[in-house]
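Order of writing sets the labels: A, B, C, D and E. Residues in every chain begin at 1.
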Amino acid sequence: MPINLYIFLALALFSIGVIGVLTRRNAIIIFMCIELMLNAVNLLLVAFSKMHLADSMAAGAAPTLTNGIDAQLFVFFIMVVAAAEVTVGLAIIVMMYRNIHSVDVNFLNRLKN
Amino acid sequence: MVPVLLILIPLLTGVALFAIRQEATAKSIALFSTLVSLAVMLAGMSVWNDAAHLSFNQPWIGALNSRFHFELDGMSQLLCLLTTFAFPLIIYSTWNNSYVDGNRFFGLMLLSQAGLLGVFMAMDAMLFYFFWELALIPLYFLCSRWGGEKRVQVTIKFFIYTFVGSLFMLIGLILLYFKSGGSFAWADYVKLTLSAREEMTIFILLVVAFAVKMPLFPFHTWQPDTYEQSPTAVTMILSAIMAKMGVFGLLRWLAPVVPAATYQWGDNFATLAVVGMLYASFVAIKQDDLKRLVAWSSIAHIGLMILALFAPSYSGIQGIMIQMFNHGINILGMWIVVNVIEQQFGTRKISELGGLAQKAPVLTILMLIVALANIAMPLTNAFIGEFMMFNGIWGSTATKFGMIYALAGIITIILSAVYTLRMVQNVFYGPTNERTANATDIRLNVQIALAILVVGIVLIGIYPKPILSMTTEISQQILDRMNLK
Amino acid sequence: MIQLAIDLAFVLEKAILIGGIISVSLLVAMYSTWAERKVAGFMQDRLGPNRAGPFGLFQPLADGLKLFMKEEIIPNASNKFLFILGPGLAMMTAMMTSAVIPWGKQIEIFGRTVDLQIADINIGILYIFAVLSMGVYGIMIGGWASNNKFSLLAALRGASQMISYELAMGLSIIALLMLTGSLSLKTIVELQSASGGWWNIAYQPLGFLIFIVCAFAECNRTPFDLPEAENELNFGYHQEYSSMKLGFYLFAEYINMFMSSVLMATLYFGGYDIPFVNDASLIESMGMNLVAVLQGLSLFLKAAFFIFVFMWVRWTIPRFRYDQLMHLGWKVMIPLALFNMLITAIVVLIRENGWPF
Amino acid sequence: MNAIILSAILGVVLMFTGIFTTNKSTIRAVAVGGMLLLLLANIAELRGMQFFDINTRGMLVFSKLGLLFNSIAFGATLLYFLLSARDVLEVGENGADYFALIFFILCGVSIVSSFNSLLLLFLGIEIISIPLYILTGSDKRNLKSNEASLKYFLMGAFSTGIMLMGIVLMYGARATFSIDPTLQIANAGRDVWYTSGLMLLFISMAFKVSAAPFHFWTPDVYDGAPTVFTSFMATIVKAAVFIAFVRLFEFSYSNSGYDWRLIVSVVIAATLLIGNITAIFQQSVKRMLAYSSIAQAGFMLFALFSYNALSKEGIILYSLGYSLATIGVFAVLIKMKDYTFEGFNGLARTQPVLAATTTIFLLSLAGIPMTIGFFAKYFMLASAVKTGTYLWLVILAIICAAISVYYYFRVIQAMYFKEGAGETVAISSVFRWLLILVAGLIILFGIFPNMILNYLYF
Amino acid sequence: MNLFFLQTAVASNTTINYLPIAIQLLFALGFVALTLGGTHLLGPSRKTSDKLENFESGIEAVGNARQPVAIKYFLVAILFVLFDVEVIFFYPYAVNFKELGWSGFLAVLMFVGFFLCGFYYIIKKGALRWED
């Protein structure tokens, strides 16, 4: 499949994520939108990985660490970091919820004054 | 050797003073330290008067190719002499003023002395900038801590003015640094050949700092307020020495470094100077507050120096240098008198004073001489300097308007006679009032201080040759550089 | 633009296979309910269902029919969409698990060689884990949507129990993977088959033990049936459900039980490998199709045994307390599985690469 | 490598220290000892001693710049521990964990100071960020802290997403995560990926260093976080991200045909103006410092604007000067009872040492000569002047520096020239001496910046 | 053999292998939808307000059920996320571990060490203590 399709898909997901972050007011949903962004990135990484592999295969090179496989490793790292972020993020949101019984980010204006 | 001593003595004593609790002890130590400085300075001009003793050159910041390079050439000697001479007088003449946390007051005074001396001796641009600021910061604290009622607002204004100016200067120096291929040495700068555009940029950047410091109209707005709000001892430093930093900067770091731009912009700045002089003189006439009067008169006198610089000639340049020294001494005398009056009567309003001549004859006599010097009467020191400057302006080849400038300068002299004599008349003559009725004469220490000044005034007025010969060489050097283009 | 080389015959063949396997698993699930009651009766020295049909064989049909015809109640306070989604999800995940399990080697029909596996993907085990994890959603959504305190509590318990045991389960599988070097279930079975009867259980007894315990917990079976502990939580997470939605939850549980049994058989007991004979030579002598039937039968028998074990345990061992359950899962199972993994690695490496020091 | 591994291990050690003991002084001792060890190990590496021989396949490159920065960061953290360790333990009941998190952050810091692959950049930034989210929210009962933490988390995660997208697009264009500038785009048709990727990376990094117009989270977060952690966040962490930023864009200049300077200069101008002008109107010193940190970021961005030897030296000096001074100011701020400017009134009378050292810190922040802050600003400006263009930016910068004098001096004015009690909580004499030490360092390096810069080259 | 496992496996792992799973998904969806629809039509519908109340052992339901629950459950979920990700890392290793040999084993041993550190930490911190 042409790489463009993957890019379009990934960018679409990414944009949905960005727009979600910018427009939604519920912390959990914002958070999920961020995760969506990360997953769009993962998708694109894998697509690029295959693309570069195909490129280098076409050029007659043996697969090496620099020919696309590092992108797949990157995906792993993103997953790990995303997990860590989920952990911390949810903990923060829960803490917030327990204090003000809401996860609406509109309530986050205590510091403004 | 001498430069290092000159800087280290006040610096270390200044820092040490912070640890001393008693005000009287601190005051004595400060006086002693300034006297030692003076002694060192005098030794530098007589016994140690050779290149080995008068210059100091060690590496400092390797990454920037900046060096600890001090040198005492004619101009520096003159100004350092002024500084080292003025400080003991300031401390001595204000001996009876008492300050909260006096130790800190004197500590900061000495720190600023170190800064001032450093400015006058630095031959490295970075070093120059360093001391430029070092002189400023203690003064900020002095003014803000021990000044008048509105001191906080006024001094932050003063500080930001000068700080902005010095930052502009910093940019100018950085530009010079790159243009000279990575050097901060003054000696390299005066050999530079720059394009007109570069010279102009650097000129503008540098001149702002100096103009603020002197101050040149229209950068002067901080000055009367600050002079008024500062404790008098600090005002003395500000006007007698600090204002000279600006003129010195022009002479050392501006005119010889970017001569073409100086020439090109000369008329503009000369015009500004004339406007400033006249304006300041007229304002001074209207002043009722002694401090403000002296402050405005200071602007007028400095204006004349600027005028002489931007309409340059040999006689003019040398005149500036001498006049820097003279004006320092004269204005110091004025301030001492103002201080005495303020201390005794608790007011500085001319309208509230009068008839002091009967009650304080010594003060009146000494004051009169100082006042005459201020209006450049012949046989006083100022006459020498101002005459040379007028001579120079009149005959300057650098400008077409030399005659007009000189005439404007003469008008200022006349105006200065008006306000100075008016002040003398109103304060010292006429009837006494309830404030001055019980006036006593000045204390011995003030008498001595003023006497020393008066002796200096007269001495130079009669026999100016020593300081003339001191500045011959450097004047010629600057002029040569300026005529290159 | 995108050319998926879709062969109609291929699709048809898979569709039939899928239909068959789903029907079979549904059937098995149905009769597991019957079997459960029979086993319970046997263990408790009573008869069990015996009214509908011979030996009560029609009982599951009657039960199913009843569930079908019941009134559908959706409480007012509940979230309607999620209330329906919950059981649907539970059922769907249960039905999806069977996709990667090899039921036999191959059969030949109309000149086509057909794999008896719906999808031979190289990440089979990961697929199963993925689908199993989805099962948590069914419980969680159902419990939450009901807006009932008991349901919610049960759902929470169920969810945390399932995820806790999933860790140990995943870890226990790793040791197995080290032996096989493949995530494809088919490869795993074939390796066992080729080893001449040395099924994985021989190498991985501890791993199997952990796996089976975790499987019990995953299926919410006694002694880990805390989500529906009826004497504490009325009826657990499906308390508000009725009609076929309740049926789905019950069905899903039994399908899951069946699938777990099949999985255990596949991973540890040779899958469709017929014990004590060499399958390859059997194909030579008996023909492919017959052997495939025998293989399927063999897998079913193994699975049936495990289903029996499930029931056996259910009627013998009392329920854990919640803290004991979590304690077992986290503090016993996980370290044990890790230990198992390391030991396996060391032993295998010594055998393959020699002593390194 | 020494620093990365050791800091990770020390983090774990601290975690377990918290389990085995609740004795605060033990925890403090372990933390300070660990920090010292870390600093020494890093200095050893600067001197050429590698304790761990690990093949990183070119993903990490240990340059002098990075190692020197590490030393500075660790030294600053050591001072921070010495000054504020007690206050760290005051924040909540999990004192040792806070130290552990700080060590983990330092691990991230040492990764970002030496990364050579975008993968490591991402990891480093995240290792820094995630513990910071926790530290920000560590005052669990305080709603402000919660809110700051949530805000920081959402913003941080969002910018992480953007950064990842940037990385991926660049990867698509260049087929490598390495930031080696010699590896160019092979396929001309992929230029647009490269450029947009670089742009996204720039935006996300601008987010992290709180450059305008992506600064809006900073004041709230700095204000809401417990003051001890604000101190750490605003100094060491910020400087580290800057080092990463600079290293990252090292190669953007090798990609000709794209004028980065214009974009960077606009960002710098906006950052300086917004930071300085808003800081003037603040009533709380803490919030003022938050805005001033935005303003300082503007100056640090010059390193990015003018990538040359001077700016490298500048960023080192800046991180040192800024860290020392800010840590000092915050250490004093923590001891204050009232964070408003009025709270400082008359401090000089009640606590002369505190007031004097704070004055030096503030002078350094304002960039007055004789303090290291001056040289930091000097090098930045000089590097910008050296590029030969954009003189307007330099002029703007100095005007902003002058504005900054106004608000920094407000504190000095309050301390020295105003009447008041200047109430503080109890202060130990060790604390005083440490403050004097920090102030002394600021002046020492302010007069002899060579003492630091020499390490860059030898 | 296959250090590049993920890539060499590409050949035997094309989209077509997943097609049956898609078909099965359709099957399952269809089954679920049909059955639910069927029961909806078949079953009687006699709704009363009592019937539509939540059942709480016959006592009238009080308040909303969706209240914050014990933080312990949340903690378990968080720990699961973390540890599951760590477990995931074992999979690629397990598949390739024979090729990676002893050096790979040492690396994984280190990883297990970190795993155990975290594990021990959470136990000591009381994250898994249910009886308080």
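Methods note: a residue touches a chain if its C-beta (ideal position, glycine included) is under 8 Å from a C-beta of that chain, and two chains touch if they have at least 3 such contacts.
Just so we're clear, the structure is a prediction, and the values are computed from it rather than from any experiment.
Considering the contact criterion stated above, the chains in touch with chain A and with chain C alike are E.
Ranked by C-beta contact pairs, the top pair of chains is C-E. Taking the mean Cα position of each chain as its centre, C sits at the greatest distance from chain B.
Taking the mean of each chain's C-alpha atoms, the chain whose centre lies closest to the overall C-alpha mean is D. Note: centroid distance chain D to chain E, computed from Cα atoms, is 40 Å.
Here the spacing of chain A and chain E, counted between their Cα centres, is 20 Å. If you average the Cα atoms of chain B and of chain D, the two centres end up 43 Å apart.
Each chain gets a centre from the mean of its Cα atoms; for chain A and chain D, those two points are 26 Å apart. Within chain D, no positions touching two or more other chains are listed. Counting partners per residue, chain E has 84, 88 as the residues that reach two or more other chains.
In the complex of the two chains, the chain E residues touching chain D come out as 114, 117, 120-121, 124-125.
Of all the residues in chain A, the ones that touch chain D in their complex are 3, 7, 14, 17-18, 21, 27, 30-31, 34, 37-38, 40-41, 44-45, 48, 51-52, 55-56, 65-68, 70-71, 73-74, 77-78, 81, 84-85, 88-89, 91-93, 95-96, 99-100, 105, 107-108, 110-112. The touching residues of chain A, when paired with chain E in their complex, are 50, 53, 63, 68-69, 72, 76, 79-80, 83-84, 86-87, 90-91, 94, 97-98. The residues of chain E lying in touch with chain A in their complex are 4, 6-7, 10, 68, 71, 74, 78, 81-82, 84-85, 88-89. Contact residues on chain C toward chain E in their complex (touch as defined above): 4-6, 11, 14-15, 17-19, 22, 67-78, 84, 88, 91-92, 95-96, 98-100, 118-123, 126-127, 144, 146-153, 156-157, 159-160, 163-164, 166-167, 170-171, 174-175, 177-178, 181-183, 234, 239-240, 243-245, 248, 322-323, 326-327, 330-331, 334-335, 338, 341-342, 345-346, 348-349, 352-353, 356.
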